[in-house]
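To keep things simple, chains are lettered A, B, C, D and E as they appear, and every chain counts its residues starting from 1.
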């Protein structure tokens, strides 16, 4: 069982979704919750049996798919992907459990379960093609969720989401094929296995081109400025559950991929592009935060805030040291939890009033005190208050990047200011003041179903803020090996000096394209 | 005086003719049956055709075995050429035909299937295509092509309504022009080399070092124009959407696969050696042609309001995509062509079959064409399974993994990269993204819109019968589980293509 | 001993959580009483620790658990009780206990009673973390924690627009400073490899001066925000929108002094970079007089006291900047007592006057509120620095420090400020408690506060009076960890002249204020008097137009820029580009689909045209074939 | 010399005939001139020694094909003046002139490949028909048979398309009508 | 004045161009078919000439098959025209543009 736990994790939801077609639609919610809970339990079990002291991949599985062309189904998990998988399972679970009254609930749940398969698959995949497969496949359920259950502009938003990401990932596909070709040239064998690719040392110019190709795919997914405009539409139009999963998990695919692919495969290019990307990240942070401030729609505020936070994650990733990368991975989880919670919260009020315009509210704190409290907690987490989950990530990310550039970190650090500005302004508009609108006077506070989703998130927010070690430990172990690998592989002096060497011994067998020629 | 010719039967390798003869015999059989006892039910002919094609397929397997053992075989005075390309393409031709023919068993009656001649012509057409791919003699290519084409024009027209006549006439007229071009091009090469056999042409041309490059280019131009017509390369593509729209959906799907693979093989045989001998002009022209065909067809597909026309443009774009294989001209790219086309057959036949089963006799109210997007609006509400299958085909066409066409696309782009055509690879990738839009549009209509046209969902399966459903099921399974087969296919194709010297 | 440490630290948290349980329910006394008791417990534990530290000189250092550990970074939750932190602990727990008890009365009629205590205790907890942490990260936790609680408490009456606005302003301004602090922390980490105080300070001795300077600057930026130093000072006056106990606790006694605490804590760093110290001192002196000047004319009791706090913080920074860390800390302590007292007194007045804050509308309240009057008067005396009250010992010491360190300008400024301090303090006292009973015009019915509130205030009163006498004990204690420099003017004559001169100057100021504001001529200003129209008055009452400047030149542009970013750049440029690209394809399709006219003749023409185009190309190429060599080079140059 | 005169004469005649065939608005003229052009072309075949082809040309084209067209003309009633809307003439003329000019430009250049060995050389002494037969039934046996199939296809196609059965379209009728028709059909049969 | 291969090729090309003109300008389908016949015939001349000058029979074979093809096309083409004419009573291709875009 343990040998196949990842495959089970990946395909169990899909199988359950298939069987779900048979389930009667009144019982569908219970069915979905049960399946998602089992999946979550499995993911917890994975965590339980995961050996935090091993830096490499665990629970690897390999099945030949197209061996002639080097494509194999390889999955495995390490500290970097473990928690995102758990998070994906978790969010699907609470997403389904807290699903409000929607039309076609059966379709929705089946779609969500399929989505879960793709999400887990992306993070477990160790073969570039399998990764790409799940990566692309994840677009479809999301497209459906946005397009079928979304707001008035849903079709525009969903198509934009799909095509934009699709276009980016096709460029990435070209990059992957190139990478495989280089591997073929170097070794005489086709392989798409990431771990094989890790052993390949490419000349800097190749690295740069490939980095750019991969970058398009990842950057659009993240989304990085200036490729971010699909996100506000997608979030703005998506139903609550869609936004939650989009923000919590799907966006993380991009940043995760940076760490899984770009950094270890192209260490020199990573150093080469560190500053440009950092500048983009800073633009993301400040610019989108300001745009968020200008929003009238609370969901858009949260959406833009996502972009802003993703900027910090990117920055941490390109710190290229253990502190920064660990921080950025942690922040991925943190941002997942917090933005997921924020979207859920927005969903709560949307369910009641069917509007997301902040001007429609005001003074909600007195009408819905519990709601206001949880929102306040998440808001504080979002602005990165210490002892909440976000702070750990942001702190480490910025700390890490400070090693690379002081002035850029100073600029990026304004995240904590601009973030506070829009968030507090939004909170003030919604919750403070006196209740002016008649409709708002008798709004019911959060109900049990919503609390089922919100309370665990609140607990995680605080728990991991105070005691991040259970998560940070495994992440750290794996990140150390990644950084060590990068240092080992780096060719240029600049890269060698930028990427710290890890004391531990990391052996890679060197296969270089030039050697093969 | 002429001396008598002594030929031993063995040296003729008559076996090479068998796969082509079987459909001819079958067609004659059908005609004979009709003569003896007329007005039989169409199901008889369908099954008969299916059986004949099955036998044909078995013989193809046999020839494949022979090829694996002995390599390329020439036969009947070296007119027939059975190499890996011929065998692979015949597999596609016969296989796709086998998938097509049960589509005649619709629930509703359509005019063409009431003729036994329909099936006879169909079988003749298949043999025509088979001759086309199994030779390197331009005369036989021409005759095979015309046999197949003439039968095809008729098949289109037999649908018997205004649009199909219009389609047939358009196709026919342009086909006649293309035939003129073909013969003119062949004439130039004959003038240059004194031969109409591609091998000989290649030998002679390389022997004199392409001294008459001007003539070569003229010849290539005319041949390109005629193949361009068959392969619907821009700007020779104009017939495609109209003809697809005019003919029945099933036949349109068939047309998007079989005639094209035949033309591809001939184009591959003819252009490959030119490209390899460094005719830069051809390379440039093909490059432009491929890019323009892919892109413009995509762009036109974007603005279509009818699904069938959209699919027509999409198949133009796919053809352009595959044409890149000939431009690249490596073993990998040629293998990619076959892989792509096999996977494309499943998907495209599947999607056209989906249109076919939703075909109504009369146009729905307020609609201009049989399969307008509006017709599919809200399909998921009334027939979710059909909508899901249709969406599956669309996603596969868009190149979403792990569905069938993704593997072809991936391998093709990879071959472009390996062949050094990086920019082309990027253009191909981005074109897939553009194409994503119109495939998505259908999905959007099916899954996200409210029904515009009053219907109870029955319309989407108006034509469905068990055989049709089976075909669609096969196509769907093929599309979904392609990844299982890709490895085997790839090994086989690569071996065949490589051993044929391409 | 660790037990006491944890008790001191966590009992406020327990209290806070307890009160939070009742957060959504209607007011219950118990939600106020329990946190108060818990604070009492905390106070008790702190006292025990104080005694321990006093008697044995030992410090307690515990590490509760790991917080963050990755790469080389290791940050634990570690706490230290040494002479400095125990002082702060005492101040914090004492004042907060008083304030808690007081607030039970003060918030009696408020709907958010339970919530209030939850916040208030949470604040104390954060503050305890801030002062007890043994590393910069822990400090930062407390630092932000108090910021959060301050936000909650300033905006406590969230239905008031001004309150929520002030809360946000405070939070955001603090955040600006926190960024500096964060950068300072990063610098420390990357240069010393640790964030523990002991390790970091030990390593700093080996760092080059410029790095240290940067660290010093950034940390001080953090301190500036929390302690509301110029130019980040505007939030403090606006923070008076919060309930008065909050002002007493947070914005007088504890949180705002965190900056001073930080500088004191980092004394080993600042000792290495005296030029930064001088800058701090100069800024402190400037703020002292700057704030005092604004206090002169303000017509809001709480704001006057707030400015006074600001001014006194300036004093503290002068001391800290000049290296007299223990003096700074001592003044911090003394100031906490009398300033909290002052605020609580003001709270009583407000309570009596239905939240009216304009002292011109009061007058003669002394008759109704004797207790309050006495307390406020004494607190003002202490603030003014009259012997033998606490202020005399702590504040005059700072003057001496300035003098002894030969910074005469600073000395002069501070001396002058002392006069101003006395003036505005007694202006308030006079306007409130003496003179005409102007409140009657406005129909107020003032009454004294609850007895227990007054009782609760009394410890502060006592301390405000006698705190000065602990000076030497205190000196002995803190100089275990702080540089033990005695500041004495060695020339006795000069010393006496200075002391008596200062005293006289202050007393004169008091009398002048008293005289001026108890006279019968005092009227409620209506904007017509000559003084009110003078430039000076306008400048001061408008706080030197700094808030206006911030609003006009920072906030508005930010808002407008945000709007532009969104509507113009994000929608019109970034997004429009993406849609534009898509549209190009679509429009190309729409425009060129006419090619497919459906007319067979056109189709045939297209076919011929295509062939002709190919032919032309063929001819061009055929002609060019003669120059094939050159062409190949050209094409390979193009990369085809 | 004779050859030259014959060539130019027939060249002029064919060009003239075909020119008329594509430009005249009288269908009858067009048909006649086309037929004439075909015959003149057969003259070239005779000049070039391809007697068999010449004969075929006359028989098939001038005989069979032209007869078919003539029949068609009668059927379509296009003996009258045919009115054809002409769009942009410039395009037509431009395209054809360019194409002709370009091809002529290149074709007029001598073909280098004069040293080509004939694969199926014309044997001295044998008649053209004999030679053709020889090659046709050895080398080109398969194409010949396929051509037979092609003609069969064309025949079937012609019969089917022109047949009466095409008058009623099952495709356009609804099922009920078809059933009705079948019933009637049976009645007629029985 | 020797008549060489090139003469025939030029003639053939000119005829082919005439055929193209016909194909492009004819709107009457029947007469359009005439033009396609011209195209094929034009090529036939060249084939025969090349065959003659090379002394090779392949060209004549090609011509033979082209003639066969032309004949078949006529049959099918006329069949199509007849069907069309039956339904529409005209064979003008301008009336034949229901499908477009």
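Just so we're on the same page, a residue touches a chain if its C-beta (ideal position, glycine included) is under 8 Å from a C-beta of that chain, and two chains touch if they have at least 3 such contacts.
Here the structure is a predicted model, which means the values were calculated and not measured.
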item	value
Topological distance between chain D and chain E, in contact steps	1
If a chain touches chain C and chain D alike, it appears here	B, E
Inter-chain pair with the most contacting C-beta pairs	D-E
Chain occupying the middle, per Cα centroid	A
Chain whose average C-alpha position is farthest from chain B's own	C
Distance-maximising chain from chain D - centres being C-alpha averages	C
Gap in Å, rounded to a whole number, between the CA centres of chain C and chain B	76
Where chain B and chain D are represented by their mean Cα positions, the distance between them in whole Å	27
Separation of chain A from chain E, taking each centre as the mean of its C-alpha atoms, in whole Å	65
Centroid spacing, where centroids are CA-atom means, of chain C and chain E in whole angstrom	94
Of all residues in chain E, the ones touching two or more other chains	5, 9, 16, 19-20, 23-27, 33, 54, 56, 58, 61, 65, 68-69, 72-73, 76, 79-81, 83, 93-94, 96-101
Multi-chain contact residues (two or more partners), chain B	139, 143, 146, 150, 153-154, 157, 169-170, 173, 177, 191, 194-195, 214, 218, 241-242, 303, 437
Junction residues of chain D - those touching two or more other chains	91-92, 95-96, 99, 102-103, 106-107, 109, 111, 116, 118-119, 131, 139-140, 143, 147, 150, 153-154, 157, 159-161, 166
Chains grouped in pairs wherever the two touch, ordered by label	A-B, A-C, B-C, B-D, B-E, C-D, C-E, D-E
Residue numbers on chain B that touch chain E, as the complex places them	138-139, 142-143, 146, 150, 153-154, 157, 162-163, 165-170, 172-173, 176-177, 179-180, 183-184, 186-187, 190-191, 194-196, 241-242, 245-246, 303-305, 309
Interfacial residue positions of chain C with respect to chain D in the complex	601-602, 605, 608-609, 611-612, 615-616, 618-619, 622
Residue ranges of chain E touching chain D (in the complex, touch as defined)	1-11, 13-22, 24-28, 30-31, 33-35, 37-38, 41, 44-45, 48-49, 51-52, 54-58, 60-61, 63-65, 67-76, 78-83, 85-86, 91-92, 94
Residue ranges of chain B touching chain D (in the complex, touch as defined)	1-2, 5, 7, 17, 24, 31, 76-80, 108-112, 114-115, 117, 120-121, 124-125, 127-128, 131, 135, 137, 139-140, 143-144, 146-147, 150-151, 153-154, 157-161, 164, 191-195, 200, 204, 208, 211-212, 214-215, 218, 361-362
Residue ranges of chain B touching chain C (in the complex, touch as defined)	169-170, 173-174, 177-178, 181, 213-214, 217-218, 220-222, 224-225, 228-229, 234-236, 238-239, 241-242, 280-281, 283-285, 287, 296, 298-303, 423, 434, 437
